[in-house]
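Note that the chains take the letters A, B, C, D, E and F in the order they are written out, and that residue 1 is the start of every chain.
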Amino acid sequence: MTAPAAAAPLLEARRLGFHRQDEPVFAPLDFRLHAGELALIEGDNGSGKTTLLRLLAGLLHASEGELRWRGAPWQRDTCAHEILFLGHQLGQKHELSPRENLGFAIGLHGCRDGITPQAALDEVGLGGYEDEPVRRLSAGQKKRAALARLLLQPAVLWLLDEPYANLDRHGIALINRLLERHVAGGGAALVSSHGVVGFHGGEPQRIRMHG
Amino acid sequence: MSAPLEHACAAMLRRDLTLAWRRRGDMALPVLYAVIVVVLFPFALGPDLALLQRIAGGLVLVTVLLAMLLALDGMFASDIEDGSLEQLVLAPQPLALMLGMKILAHWITTALPLIVIAPLLAGMLHLPAAAMPALLLALLLATPLLSLLGAVLVALTAGTRRSGMLLALMLLPLCVPVVIFAAGAVAAAQEGLPWFAPVAWLAAALILAVVLAPLACAAALRIALDS
Amino acid sequence: MAKWIPLWLHKLGSPPTFYRFAGAVRPWAMGLALLFGVIGLYGGLVLAPPDYQQGDAYRIIFIHVPSAWMSMFVYAVMGVSGFIALVWRMKLAEVVAMESAPIGAAFAFITLATGSLWGKPMWGTWWTWDARLTSELVLLFLYLGVIGLYHAFEDRRQGARAASFLAIIGVINVPIVHYSVVWWNTLHQGSTVNIFGHSKMPWDMLWPLLAMTLATKCYYAASLCRRARTDILALESGKDWVREIAQAEAAR
Amino acid sequence: MSALSHFFAMGGYAGYVWPAYAVFFAVLIADSVAPRLRRRRILRDLRGRLARQTARERRSTSSTPAP
Amino acid sequence: MSAPLEHACAAMLRRDLTLAWRRRGDMALPVLYAVIVVVLFPFALGPDLALLQRIAGGLVLVTVLLAMLLALDGMFASDIEDGSLEQLVLAPQPLALMLGMKILAHWITTALPLIVIAPLLAGMLHLPAAAMPALLLALLLATPLLSLLGAVLVALTAGTRRSGMLLALMLLPLCVPVVIFAAGAVAAAQEGLPWFAPVAWLAAALILAVVLAPLACAAALRIALDS
Amino acid sequence: MTAPAAAAPLLEARRLGFHRQDEPVFAPLDFRLHAGELALIEGDNGSGKTTLLRLLAGLLHASEGELRWRGAPWQRDTCAHEILFLGHQLGQKHELSPRENLGFAIGLHGCRDGITPQAALDEVGLGGYEDEPVRRLSAGQKKRAALARLLLQPAVLWLLDEPYANLDRHGIALINRLLERHVAGGGAALVSSHGVVGFHGGEPQRIRMHG
């Protein structure tokens, strides 16, 4: 079962656990994620999906177990530029337009080659709303504005917390399209979701949370 | 692949300045607050010119510093609420540098307008012109010092329920020496004495703070967000 | 955790062991504190002669100075253990740092109160804004800030880390308190006691002062042990050994 | 008697010396009583929690598990 | 079916007081702010006792009113953000009454602590004891007046992006007369003159405000939210 | 087609429209909702579902057309106590516990007979979290805490804006159960949603929004 050193998994969790006030939030987890793989995080409300994703993003510190990145212990500095985290809070400034918000994200994270913010906004279906303040967008449009980062930001691992919430059919299809393209291009993604995913690029790995 | 450092700094600065401009109503609040104080005082004390002149330097100084403190509390609040602070922490850029830029933007948007109107306020209270350079220099040194030190404390309280009181409690000991030195300079100038020494102390403290505060701020933020 | 930390320290780092260790140390420390305290007070209040300048008012020195030293010493302990807590995430260091803060605050408060009570007859005022007095006040505020920050967090360990950070930043204030009389010319007395070299103080005033110093040190150790034990109970309340203690105490 | 009152008079500084000592002892006594009370509260809370927990377990084992 | 009025009022008051208690760190902020001002002033002005005594009454008054103004801005902010103001507007209860309760809770949590420590602050600045009753009475009348008038303005600006500047701009003209009357009473008392007249004016204004301000506040809020 | 006056529809919209900056947000709408009926509001992101619901709740004023309540023109005072609105923002105070939040809602709106806040919290699956501050709940738990109001508050018409978002399978089933019970008891509901609804109490009416 052990992979050869050359094909070390992108991300590997070994009995990973997180405690709040000295109580474990979820049972210790073991999983591996290779490049080109998608994993779904499943679990009921309050089972710890968000907590796990924040842990993997580096916002929280594991209380027990180990996290490895490309075979070496996880370290913020080596993998910060390879991870993209999108949580319940979208990290958009409501006073700025989607375009301005993207501009800032690009300044911080850099930009993929061959795509412009305008093209990304068109692709997520916000053409025409580029210069509207985010405050004036509907719930789903806000989400789409945040999703545009997926297109622009160079990252290998996507950590998406309930990306489907608030989106309409087209929006859900959009996410699936983005995920398929990302995985086909050698990326990996961890996605938490309650809904039907309808992902066509192969059967994703499933990580079950028990709160 | 990831963005060059100077681009990241520019993006940070640009974003915060744009935001401040979009919320310029809020940005003007400290200035208006200072104006209100200076307008209300003559009413509250009665029109005794000599008295006003006597307290002018100290009043303007304390008012400007307090106005800054008011704005300090909100330095990271909105960024925490909408999750953009998380994104900043996760970005592949040196956090200390990014926070330094944020502090700079905060200083530009809150302290600079105050410094610009300070001579006006001092004039309204009939501060002698001789003390004006000392007042301005003291403000120019004291305000960034407060911004920097305040940012560290604000970062530390970032993970709590934004306890304003805690912040005030921790800030008070920092303010006292700053006010002592700054007011010392102004008072000396008002009495025609040399006022170089206190200003030099402020400058030295500022230099130290510029180097260390962003680093401390980054460390504090990482601790405060980890829950 | 780093390998160079000796094994016994590592063992002591386990909460139940430390709980028992602190329980064993505490009575001895408290006994020594009482012993030194009684000796020092007798020497200071009864045996020592009145000062030729200050009369009997100087007898405040036997609590003022030991408390002042303790307020600084405890801060240093808090800073060091806070540093260990931050770097090695050691639970026990967090406990020591956070439980030192209230004791240090108590000593800082005593220093300020006794200093004021001394200042009124000597300087004619309760309070002036001189450098040593101000920096000691800042020290008290720092203690209060540390305590407040600790309690402001929901997760106790996170709060301990944040407060430790504040404590470390505040360490710069300790030398300022000590050297303020040297750096600025002030109303407050300069150094008169020199333990290793030649003191300016006559011996029959000095030894009660040293006895009181030892007494406060021992008291700190005792109080810290009791507080740390309590805190460990709270932190480990999910563990079996704490439940046993709870049940045993109920039976009594 | 007069020696004692002389001692308590503290050369005219009684109003400063004794309050200072009073503050010293009052603060230190408060400091040592506080953790004792806190310990009692912690253990009481813990016993309450344990009692609730056992009651809940007994309830859940006696009643049939919910569908 | 729907809840009786007195229950609704009690629920409103209880909730806001509980919230204030949970956020007591923030609640203490105005108090600490006032303390900081009073502690910093002697530093800034130098330890001239007669001078401090001369300005004590006015300083305490202005400080307390400013501390209140600071807290005013947040009166509805958190309720708007989390949508509970919408729920209040939709509730089958007279909105004006509910808002009156909110204002009362706000006054209790911000102004009352300030009034309690005001004698202490005045004492620190050596205000003569003779002026103390006038100061307290003036504060007791001026603070609810400001709360009520401020609430109307805050409600008006609720729909905007919390424009603090707008608020300050509109409040300034309201503050000036309040400060004039209140300071007039204190100054008169300090000089041993009768100080009944200005206090009576304040009382009259307060009675008017208690009746009209909640109605105006409700109307303003409905307008502000409709977008 | 016109209903007799006795059975006037609970809610009736006649060419209802709303303008922002003089532009219509959605095309004029006509629909009727009777007691015992459920209507789904469908539409893509930004098509105006939220706007419509806020309009019906009385938070916004119609720019054109007419809204009638039990046959008479809509008036806030006559129907405020019959309408329950639950939007994207849940109106929960993060510092208070779910129980305290419910207590406030009851004080404001009154309480149905035969149910206590504790029972309501148990039913929405928050048993054990009654006294936790809402701030510490997960996204789905927050939603559930808000849903408990549906059980307690006496109201005829429910206006629910994307109630399914952030909920797990049990949560979705819970909402369907609540809706079925409400409708069976003579209530009416307008629900906006993108997802699969899986409502078993008959075929709901559908209102299509065109942005």
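Rule of thumb we're sticking to: contacts are C-beta pairs under 8 Å (C-beta built on N, C-alpha and C of every residue); 3 or more make two chains touch, one makes a residue touch a chain.
Computed from a predicted structure; not experimentally measured.
A.B. asks: Identify the chains adjacent to both chain B and chain D in the sense defined at the top.
C.D. replies: Under the touch definition, chain B and chain D have C as mutual neighbours.
A.B. asks: Since chain A and chain F are copies that touch, is their contact same (over half of the numbers shared) or different (under half)?
C.D. replies: Mostly same residues: over half of the interface numbers shared.
A.B. asks: Among all chains, whose Cα centre is located farthest from the one for chain E?
C.D. replies: Centroid comparison gives A as the farthest chain from chain E.
A.B. asks: Given the contact rule stated at the top, which pair of chains has the most C-beta pairs in contact?
C.D. replies: Looking at every pair of chains, the most contacts join B-E.
A.B. asks: Using Cα averages as centroids, what's the distance between chain D and chain F in whole Å?
C.D. replies: Computed from C-alpha means, the inter-chain centre distance equals 52 Å.
A.B. asks: Please tell me the distance, in whole Å, between the geometric centres of chain E and chain F computed from their C-alpha atoms.
C.D. replies: 37
A.B. asks: Go ahead and note the Å separation of the Cα centroids belonging to chain A and chain F.
C.D. replies: Those two chain centres are 31 Å apart.
A.B. asks: For chain B and chain F, let me know how many angstrom lie between their CA-based centres, rounded off.
C.D. replies: A distance of 46 Å separates the two centres.
A.B. asks: Got the chain A residues that touch at least 2 other chains?
C.D. replies: As it turns out, chain A has residues touching two or more other chains at 20, 88, 95.
A.B. asks: Listing for chain E: what residues touch at least two other chains?
C.D. replies: Within chain E, the residues that touch at least two other chains are 22-23, 25, 43, 161.
A.B. asks: Could you list which residues of chain C touch at least two other chains?
C.D. replies: Where chain C meets two or more other chains at a single residue, that happens at 129, 152, 154-155.
A.B. asks: Flag every residue of chain C that touches chain B in the complex, lowest number first.
C.D. replies: Residue positions touching the partner: 86, 129, 134, 137-138, 141-142, 144-145, 148-149, 152-155, 158, 161-162, 165-166, 169, 173.
A.B. asks: Note which residues of chain E are touching chain B in the complex, please.
C.D. replies: Touching chain B from chain E are residues 22-29, 32-33, 36-37, 39-41, 43-46, 51, 54-55, 57-59, 61-62, 65-66, 69-70, 160-166, 168-169, 172, 175-176, 179-180, 183, 187.
A.B. asks: Quick one: which bits of chain B touch chain A in the complex? Just the residue numbers, please.
C.D. replies: 1-3, 7-8, 10-12, 14-15, 18-19, 22-23, 78, 81-84, 86-93, 98, 225-227
A.B. asks: Note which residues of chain D are touching chain C in the complex, please.
C.D. replies: 7, 10-13, 16-17, 19-21, 23-24, 27-28, 30-32, 34-36, 38-39, 42-43, 45-47, 49-50
A.B. asks: Once bound in the complex, which stretches of chain A touch chain B?
C.D. replies: 20, 57-61, 80-81, 83, 85, 87-96, 100, 103-111, 133, 154
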